[in-house]
Every structure is written in structure tokens, then in C-alpha cells.
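The same chain A turns up in both complexes below, where it pairs with chain B and then with chain C.
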Partner chain A sequence: MIDRASVVVVGGGIVGSAIAFNLLKMGMKNVCVIERSYVSSGSTGRCAGGIRQQWSSSMNVKLAMRSVKLFEQFEKEVGMNIEYYQGGYLLLAYTDSESDDFVKNVKMQKSQGLDVDILTKHEIKEKFPFINVEGVKLGSWCKSDGHANPQIANIAYAIAIRKMGGEFITHTTVTGIDVQNGQIVGVQTDNGYIHTNTVIDAAGFESPKIGEMVGITIPVYGERHQILVTEAVNHFLDPLVINFNHNYYVRQTRHGSLIMGQGDVNPAPGEDIGNTIEFLEEMSEKMVRDFPIIKNVHIVRQWSGAYDMSPDAQPIIDESKSVSRFIYATGFSGHGFMLAPAVGEAVAEMIIYGRTVTTDISNLKMDRFAIGIEREHNVV
Partner chain B sequence: MKEYDAIVIGGGPAGMSAASVLGDHVKTLILDENDALGGQLVKQTHKFFGDHAHYASKRGFEIAKELTDEIYKKPVDISTASTVIGIYPQNTVAYVKDGREELVRYKKLLIATGAMERQLPFINSDLPGVYGAGAIQTLMNQYGIFPGKRFLIIGSGNIGLILAYQLAQTGAEVRMIVEALDKVGGYEVHANKVKRLGIPILLKHTIVKAMGDESVQGVVIAEVDDKFGVIPGTEKEIVVDTICVSVGLIPLTELAEQAKCKIEYIPELGGYVPVRDERMHTTNSDVFVAGDLSSIEEATTAIIEGKLAAMQIVKDLTKTDLGKEISDELKTLDIFRSGPKSFKIRKGLEKMGIKVPEIEVPKLFQTPIENAKSKLHAVIECTEEIPCNSCESSCKFDAIKVGENINTPPIFDPSKCTGCAVCVTACPGLAIFMEKLDESPNATIGIPYEFLPLPKFNEKMWGMDKEGNYVCDLTVKRVVKNPNKTNIVYVELPKEFVDDVRHVRYPKKESPFVCRCEEVTLDQIEKIIDSGITDFEEIKRMTRITMGPCGGKNCKMITLGIISRKTGIPISKLSHGTSRPPVKPTEFSAFLRGDEK
Partner chain C sequence: MEGRILEHPILSFTRQKRVRIFFEGNEIEAYEGESVAAALHAAGIKVLRYTPINGRPAGFFCAVGKCSSCLMEIDGVPNVRSCMTKVRDGMQVRRQHGKGDLV
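Take a look at the complex of A and B:
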């Protein structure tokens, strides 16, 4: 293992990987990623892989639109086909207040340049005849949204990082960070010591533990979300469908399997990545009701992963005020994968140029919690 | 007109064994329509089950030769290329030889005309490329002609299974065997021989039609319900150029009928069969029957029946006292028919008034002796109760016990095994393997091998499992050639796979599927490992291996083996993923509550 690095990224998930990849791309040398297990072992490898731009705050829309640009170039830039598919996102509204929100959001999203539309119940039925639209008021539809295989994307970054001369160290745990006079001097791991003056905390729901190592409180906690996958069936489902009212999302992978999940009513903490039978029962009930076509499709596997929840369900990306060059990119609240390419670019710019250049992410700073927060609504 | 004490019609196993006995005592003629004696035996290249007194471990064509040689030493008139065309009054047999009619008279007649292949009605069954299994064996094993390249076999009785194996030996591709019943018809060991070559046996399936204009170009198969009706919507097209129908045999009873023997319909025995007593005597006091004509069974029972009929004829004609010999043969027949696979024959014979005692097959239990594992020893995988004790007879060291009832599955005592492997070459079912498992990370196994070319020392081959799936790469360490053509290939392989590998084959040009659910090949996995990804979990995510509906039941260990081989890390040190529910794929509908279920 190397003993010196210009930057140590703690956490080899999609966010940490994207940051390291962009640092290397911008010319930085001696970039090191430390992953405690295998690549894609954490939340990234457990997530559904949706990539959407339909958000309720304009800055999130912009960041997501930048991310989609980068996903479109991913294969060329990072070097691997990650099953990226722009089949769109369909959001379904069932109540008047939901409908009002959708209309308002679409107006704002359009003003940001996003090609997004409100679909009537009839249009939804016409476009997606296999969906049971009973009770649907309207839908919000963005055809450039889509999905990809997050596990392969994560591994693709790791391979690219190694190819570009970076270090991607797996099965290694960070055990401490040494700080002297407000400056970082090195990172302790269970496999040796790395001298560095820059640390990026991209440890997902475990990021508060890394923060503690330098005396910083990061208001993030893990929340377990369950998910399941079916056998592969012929392609029928273009969009990823989100149903906030019935509390689920579903997408069909390029491989043919259906991946779907919900937010549990009383979610377990993120450390508990177990499974419940109730999840299968609840999902079956509503999925067969809304998608009768899948009644006899076989569920092949269920698993769970942790959302790194922040107080407003939006990412926290900032540099510590007390420890110089301790940067954290966390609190993605279940949307880290889709934002990662743009976040990776923005954080790399912060480190190299001292500020973001391509996308403004000033709304994601830590001090917003002191001012008072507006929660992101569009979350499953 | 020439007159004989005894005339035997049919030179197959029953007729030959009868003529051999008759020749010692009375003036005998044997007639056969083929150019040489031997009947169906001449095209059987597989080893026969049974005991050593009845040609066990010998191949069919070898048995034919032995029986033929024996007859030619005796004062028996032999007339081959002689087609019997009828049985006429005054005990007259009419046959045609060299284009001329010949007539002969008998005092006693033994009809051993055997059986013909049953046909199966399906659409386009008249297309060139549709054959009976026996016809293919004749073309292939007697004349060296291959009727096709890609085969579908209908019927999983012993004949279908043996044919599939023989076709594979020639290098032909057997796409599958379809079987309408819910279990394999033939012996388990025969089925295992075929399965480990990668030939699937599709149960509860039948042929719907053959496809093609001038000749067979494909076939439509479908699943059947309990009444053998095709389940609509389950039809599948398979590309083959030859269809082998192997759905059973029909006794050839015409001559027996003409000889005024009473014929009855007893489906358990094969359909219409001549009524006879336990000594093969029909309702006509001068006429006997033996072999498949009297009941569709194995060649071994046909040989015994032939002998039995002959002894009775000798006794009737000469008053020689053969009482003891006859009762010995009767006892042997009873034992051959006492196993569970013969229940239909027992039932059929009972309808005819012949009681076959159902002899309880003793259940023997062996206590495994662990310390014997470190030396080279036999591993016997024969659990079905079939009449055969060739392993017991072959073992000079008393390590294998079958006992008096040869239907008893063998019991093996590893402490007495010297590792000589004679049993491996003797076993007709190729169900005995050699194994050595000591402290070293590699194990040695010896595999019976009946393919050409024979592997050579240090050659790299693929180890295949009981279903014919790729398990691991292995190295040939020793090849023992045997005169009986069941050679033994000793290979070295990682010890984790010692219980899995049951066949070796030369690596194919195309990479083998490691995971059949997701169609992941060995090549794909090796390429990923070569690119620097060596963690099982990462390989899984890159290839989808173990992510299919079976949950990695087959491919997980194989993948770990590949990783271990490429990285040098022992399997025990590798991470192996997490098992997630549901263990078996489950429909959404299973979780629905309420009325809509």
C-alpha cells in the first residue's frame, strides 16, 4: 500500500469514486480511494440505479441535469457500458395537492431548460397501457431521465481510477485521521498509514464516524431501505415509475429484470441490512394492483441498503470550517448514484480550484441547517 | 423333406443359447434371416449387466461372438440368410434362402423371433431423418454409417439411453432425450452416463411434429399432462436433422400365431404375446418360445429363457433327466426378475399364471471408514436395485459385496480396497470411480472413459459434473488402457470438486457456460479476473454470475474455483457472497392476501 497521497477519499462508493475519477481527470496525481470492503459493497451496490432530473428545488434540477449530461458520456469517458437507458421517469400523482406540486415543479423544471411534461390520466393510459391508472390524477414525465447499472458504474470508476494512476484500495478500513493545528497530516488504516493533507469524507451513512475523527459533527444517519429484483422478462417498461402516494418505484433493467422498492413505514437503521417478509407482502399487493401484468413474475432476490439521510433529504457538500481540507460529500438520502458524476466534478473543482466552476452547489453547504431548511419533497 | 428333432427360428441371444444346448442332445437346425447369427447383440457396444455366468461386463457384440463360436463347435445345422415365411401343418417350417423356398419338419419348434420397434405417430413422421433407435444402431455400429449430425431421441428407456451414449461416442450431437413419463424409463446408471455428457433428459415432454421439406430439419416438442396430452403453449422448436424413436418394442408373434399358439394381450409383457408356461412351453405341445417374443426384457433373460426352453425340449424328446438344471435356471430367472425395475414383467407373467416370487432385496448399510480416504480407493455410485453383480465378481479382494440376490446395490468396504480399479472397468453402468484425497490441496480421481482419442499424460481437460456442466480445469495424470475398452483416466483437480467431477472432456473451442441461468461463460469470468477484478462479489456484479433464478446453486462453487485457480488463493479464504431470500424464485401472487389471489 502507498504511504503518501495528495488526496485520500474515504469511501469507494459511487460518490467517492466519482470524486477521485474527476480529480485524476483534472490532472491531480497521487489520488487514493480507501474502501472498507469490495467495490460496490455499500449503498451504491444496493441501490436501484434510477437517474432523474425532476426535483423540487432548482439547484437540484441543475445538478441532476449536469449529471445526465455526464451519464450520456459515461461510456466514452470512463470506459465501460453501464447499461444506461434513457427510458424516462414517470411520476404519478393521486391527490390534488400532489398534482398542484407536480404542476408547480414542472413549471420550475422547464424554466431550468428541462424537457418535462404533465401527462393526463388518459395520456398515461395511452402511453403505458399496462399500468392500472385507477385513482391517478396526472403524471409528470421526463423522457431524458433513465437508469443505469450502479454496480458496474462503480466498478467502472474503480478500474478507470487505477488505469489513470490512482490508488483504489479495497478491504481496508480507515481507523483515524491525524490533525495538527487544524491541518490534516495523515490517515490511519488497518493496513498502514498514509500521509496526506486532504481528506474527502464520502463514507455515506458512516460519514459521521469519519467526521468524528477530526471532531466534526455531520448530521447524517443511516436508514434501511428494502428492494427486490425479479427474473428477467421481455422488455415492456421504459420509464422508471415513481408513485409517492403508493410509496414505490419500479424500473426494468436492460437485462429484463424488474427492480423495485419502497420506503418502509418504520425504517430500520442503516446498520441493519436485513430483509423482512412484510416487504415482499406489501410490495406484491401494490405492485400487482398497479401492474397486473407482473402477477406471475417470479421474485428472485430481496436485499436492503442504507440511505445516508440528511435532515432535509438533500446532500451535504462542504469543506470543514475547523479542519482545513477536510471535505465531505454525504447525506445523499437515496439519490447519490444519480448525482455522483456531477458531484464528483463539483467536488474535484472545489479541491483543485477552491470553488465549483461547472455547477453551483452552494445550496448544499452545511450552514443551511443553521438558517432553516426546506425539505426536498420528491423522495421515496 | 428334411426332418429335425428341434428347429430354432431366430439367431438372437435366446435362439443361440437354445441351439447350443439342443445341439448337445438332439438333431438341431437354427434359422436366421440375417447374414450372421447374433440378432440385436451384434450392434450392442455397451457392457451388459448381470452376473459373470451370464456375460456381465461383456459388450453385446462380444457376447454374440462367444455364443456364435460356441454353436459352430456343436453339431448344429446353421442356416443364415434364411427368412421363415410361415408355419404349416404337419410341423412344417417354410423359409426362403438364396431366393428359393425350403421346407423342413420339426418334432419340437422354438420360436425366438424377438421384437420390432414400436412406432410413434406424429406429424411428418414419414420424413427422411426419422429412424427407430435400432435402425440407427445398425447403421452406425454395424455399417459405420452416420445418419445425421444433430439428434433428438424420443424415449428414455435403456435403448434410448444407450443410443444417446453411443451417438455421443461417435462425436454426434444429441440435443436431448424427451420422455413422456415423469421419470426416466431405463436404468439410473445408464441415465447418469448420458447426463454427465451434458445430454438433457426432458421429462413429461413429447414430440408434436417433425419439420422440414425434403428431410428433417427440426422438431417441435411440447410438455404433456398426466394423460399424455400436449399442453398448449408449451411447444418449443429444436433444430435437429435426425429423430430417433425409442418408445419400446413389440413382440413379433406372427409365427407363433401360425403355429396355433394361443396369443393374449398382456401390455406388461409388451402387447400381444404367446401364452406359455414357466418353461416356455406354449399352448401347442410342440412349440416353445423364448426371448423378447415372449416378454420384452433384457438379453440376459432371453439367454436364460432360451436355455430353459431347450432343456425342456431335450427332456421331452430324450427323457434325459435335466430336472436339476431346469430348476437352477428357473431360480436364476426369478432372481433376475425380482428387482423393482422388473415389477411390470412380474405382473404380466402373473396374468399368464406364472408366479414370480418377489424376493425382498436385502438392505445393507455400510459405515464409512474415513481413514481409508487418503489412499486410492473406489467410489461406487450405484444405488438402484438392478440385477447385476459384476463389481462383486471382479473384486479379488472381497471389498465389494452384493450377495446372493444380485439386485442388491453393492456395499463397499474401503479398508479392503487396494485401489486396483478392476471394478471400474467391469461395471457396465460406468458407475464406479477412483478417488484419492490426502493432505495435498489437489485430489486425484479416476474416471471410466470410453471415448477417443484417449487423453495423454499432463493434458489439460475440463472436469464435468453429473449433469454435464463445466466444473473446473484439470490435468491428466495417468491413463490406464484396458482390453475391454473401458479405459480409466486419472486426473488431478482441486479437492473441493472431488465429489462433483464425473466426466472429463477436451476443452471446447467455445467457452463453457459456468452459469446457465445468466449464460455466463468461463471465458467471461477469466477475462474479468485478468483485468484485475478478483473479488467474487465484484465478478458477480460484472457478469451476473449467481444472480439468476437459481441463486448460484451450481455456479458459485465453480466460480470460486476459477478465482482460486487464477489467483492462487485457496477457496476457503475467498468471500462467497450472501444468500438472500427468496431461496427459490417466488411469484408475486404468492404474497397476495385477500380475494384477488
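Take a look at the complex of A and C:
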């Protein structure tokens, strides 16, 4: 293993990998990623793969729009086909307050330059005749939203990082970070010591543990989310459909299988990646009600993964005030994959230029929690 | 050649009631208690579906519902395991091409 690096990224999931890739792309040498297990072993490999731009805060919309631009170039730039498909996102509203929110959000999203529209119940029925629209008030529809395969994207980054001369070290755990007079000196792993002055904490729901190593508190916790996949059927479902009211999302992969999940009513902690029979029962019941067409489709398997939840369900991306060049990109709250390309670019800019250049992410700084926060509404 | 076991050293098979099932629209011989795949096998039909990517023929393989080799379209529903589905009078059975369409 190498013993010196200009940057050590802790966590080889999609966020850490995207940051390392962008650092290398911008010309930095000796970039090192340390992954505790295999590539895509954590939340990324368990992720549903949705990529959306319909958010309730304008800066999140901007960041997501930048991410979509980068996903459109991903195959060319990173070097692998990640099954990216821009079939759109359809959000369904069932109550007056939800409808008001959608209308307000669409107006704001349009002002950011996003091609997004409100669909009436009738328009939804025309466009997607297989959806049971009973009780639907309206929908929010963005056709450039879409989905991709997170596991392949993670692997694509890892391969690219190695090709570009970076280190991507798997099956290695960071056990400590040396800090002297507020400066980072090195990173201790169970596989050797790496001298460095810059550490990026991209350890997902375990990022607080890395923060503790330098004495800072990161308000992130793991929350288990369950998910299932069906057998493959011929393509019929273009958009990823989100239903906040009935609490689910569903998409059809390029392979033809349907991937769907919900937020459990009393979610288990992120450390628990077990599955429940209740999840299968709840999902089957509501999905067959809203998509009667899938009533005979078999479920192939179920699994679960951890969301790295922050107090306002938005990412926390910042540099520590007390420890110089300790940067964290965490708290993605279930939206790390879709934001990763833009976040990778922004964090690499923070490290190389000292500030973000392409996209303003100042809304994601830690000090917002001291001021008072508004939670992102559009979360499953 | 008879495709059914008539004599077995340990088990005894009592042939049950004759039912009519249709393969690609043509009636074939079937008996209550048989699986669809068994009835097709007895009738000399070995190709049960064509695979999604290369369109290769696939037939009876594991016979216990695990391998997906015998997926067929039965009464309009795709991806039905013909080895695990018992025949019913009037059943319409078709070879599945690819992944199957939801209707």
C-alpha cells in the first residue's frame, strides 16, 4: 500500500469515488480512496438509482440539473455504459396541500431553467394508462429526469480512478486520523499508515465515526430503507414514479425488472440491513392497487440499505472549522447517487481552488443547523 | 413414444380425468394432476420458450420451479412456470418469446 497521498478519501461509494475522479480529472496527483469492503458494498450498491431534478429548494434544483448534465456525458467521460435512461420522473399528488406544493415547486423549478410541468389527472391517465389514478389530484412531470445503475457507476469510477493513476484501495478500514495543531498529518488504517494533509469524509451513514476521529460532530445517522426487485418484463414504464402519499417509488430497469421501495413507518437503524415480510406485504398491496398491470409479476428478491440521514434531509458538504482540510460530503438522505457527479465536481473544486466554481452549494454548509432549518419536503 | 411413466418400481400412477388444454391453439392430451410442462413433454413438445437476448429455444430443465427455463404464457399471463402449474380444462398455453408483455 502507498504511504503518502495528497488527498485521502474515506469511503469508496459513489460520492467518494466521484470526488476522487474529479480531483484526478482536474490534474491532482496521488489521490487515494480507501474503501472498507468491496466496491459498491455499502449504500450505493443497494440504491434504487433514481436521478431527479424536481426538488423544493432552488439550489438543490441547480445542483441536480448539473448532475444530470454530467450523467448525460458519463459514458464518454468516465468510460462505461451505466444503463442511464431519461424516461422522466412522475410525482403524484393526492391532497390539496401536496398539489399546492407541487405547483409552487414547479414554478420555482421553471425559474431555474428546468423543463418541468404540472399534469392534470386526465393528462396522467392519457400518458400512462396503466396507472390507477383514483384519488390523484395532479402530477409533476420532468422528462429529463431518469435513472441509472448505481453499482455500475461506482465500478466505472473506481476503474477510471485507477486508470488515471489514482489509488483505489478496497478491504481496508480507516482506524484513526492524526491531527497536530489543527492540521491533518496522516491516516491510520488496518493495513498501514498514509501521510496526508487532506481527508475527505465520504463514509455515508458512518461518516460521524470518521468525524469523531478528528473531534468533530457530524449530525448524520443511518436509517434502513427496504427495496425489492421483480422478474423482467418487456419495457412499459418510462418514468420513475414517486408517490409520497402512498409512500413508494418504482422504476423499470433497462433489463426489464421493476425496482421499488418505500420508507418504513418505523425505520430500523442503518446498521440493520435485514429484511421484513411486512415490507413485501405492504409493497405488493399498494403497488398492485396503483399499477394493476403488475399483479402477476413475480418478486425475485428484496434487500435493504442505509440512507445517511441529515436533520433536514439535505446533504452536508463543508470543510471543518477546527481541523484544516478535513472536508465532509455526507448526509445525502437517500439522494447521494443522483447528486454524486455534481457533488464530486464541487468538492474537487473546493479542494483545488478553495471554493466551488461550477455550482453554488453554500446552502449545504454545516452552519445552517445553527440558524434553523427547513426540511426538504420531497423525500420518500 | 409414450412420454408418460406408466410403470414405476416404487410409485404407482393412477391416470386421472382427461382434460383439454391448448398449445398454440391446438388441443393436446392432458390429465388432471399433471403439470403443463409434463403434458407438453408427453406430447413431444420440447421447446417451451425462446430466450430474451439471443432468442434461443429453452425447454424443460429443473422441473421443480427454480430455473426459469420453462416460463410460458398461460391464459395470457407471461412468466408462468409451466413445470409448477397444473393443467386445467380449457387452458391456453403459448411459448414465451423474450420477457413477456404485461397486458
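What we mean here is this: the second predicted complex is superposed on the first by the 380 of 380 C-alpha atoms of A that agree within 3 Å, B and C clash if a C-alpha of one lies under 4 Å from a C-alpha of the other, contacts with A are read in each partner's own complex, and residues count from 1 in each chain.
Everything that follows uses one rule, which is that a residue touches a chain if its C-beta (ideal position, glycine included) is under 8 Å from a C-beta of that chain, and two chains touch if they have at least 3 such contacts.
What you see is a predicted model, and the numbers here were worked out from it, not measured in a lab.
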Check your understanding: After the chain A overlay, clash or fit between chain B and chain C?
Key -> clash
Exercise for review: Give one of first, second, both or neither to describe whether A:Q151 is in contact with chain B, with chain C, with both, or with none.
Suggested key: first
Check your understanding: For A:S40, is the partner it touches chain B (first), chain C (second), both, or none of the two (neither)?
Key -> first
Review point. Looking at the overlay, what does A:E231 touch: chain B (first), chain C (second), both, or neither?
Key: both
Exercise for review: Considering only the touch criterion stated at the top, classify A:V250 as touching first (chain B), second (chain C), both, or neither.
Suggested key: neither
Review point. On chain A, which partner's contacts cover more residues, chain B's or chain C's?
Key: B
**Study point:** Touched partner set for A:H298, first chain B, second chain C, both or neither
**Key:** both
Review point. Now for A:S284: first (chain B), second (chain C), both, or neither, which partner does it touch?
Key: first
Practice item. Jot down the residues of chain A that show up as touching in both complexes, chain B in one and chain C in the other. Key: 231, 294, 296-298
Study note, to complete from the structure: Seen from chain C, its contact residues with chain A in the complex are 52, 77-80, 98-103
**Study point:** chain A - residues contacting chain C, complex
**Key:** 130, 231-234, 236, 256, 293-294, 296-298
Review point. Touching chain B in the complex: which residues of chain A?
Key: 37-41, 45, 151-152, 155, 159, 162, 170, 231, 255, 275, 277, 280-281, 283-285, 287-288, 294-303
Study note, to complete from the structure: chain B residues touching chain A in their complex are 531-533, 535, 537-538, 541-542, 544, 547-549, 551, 575, 578, 580-582, 585-594, 596
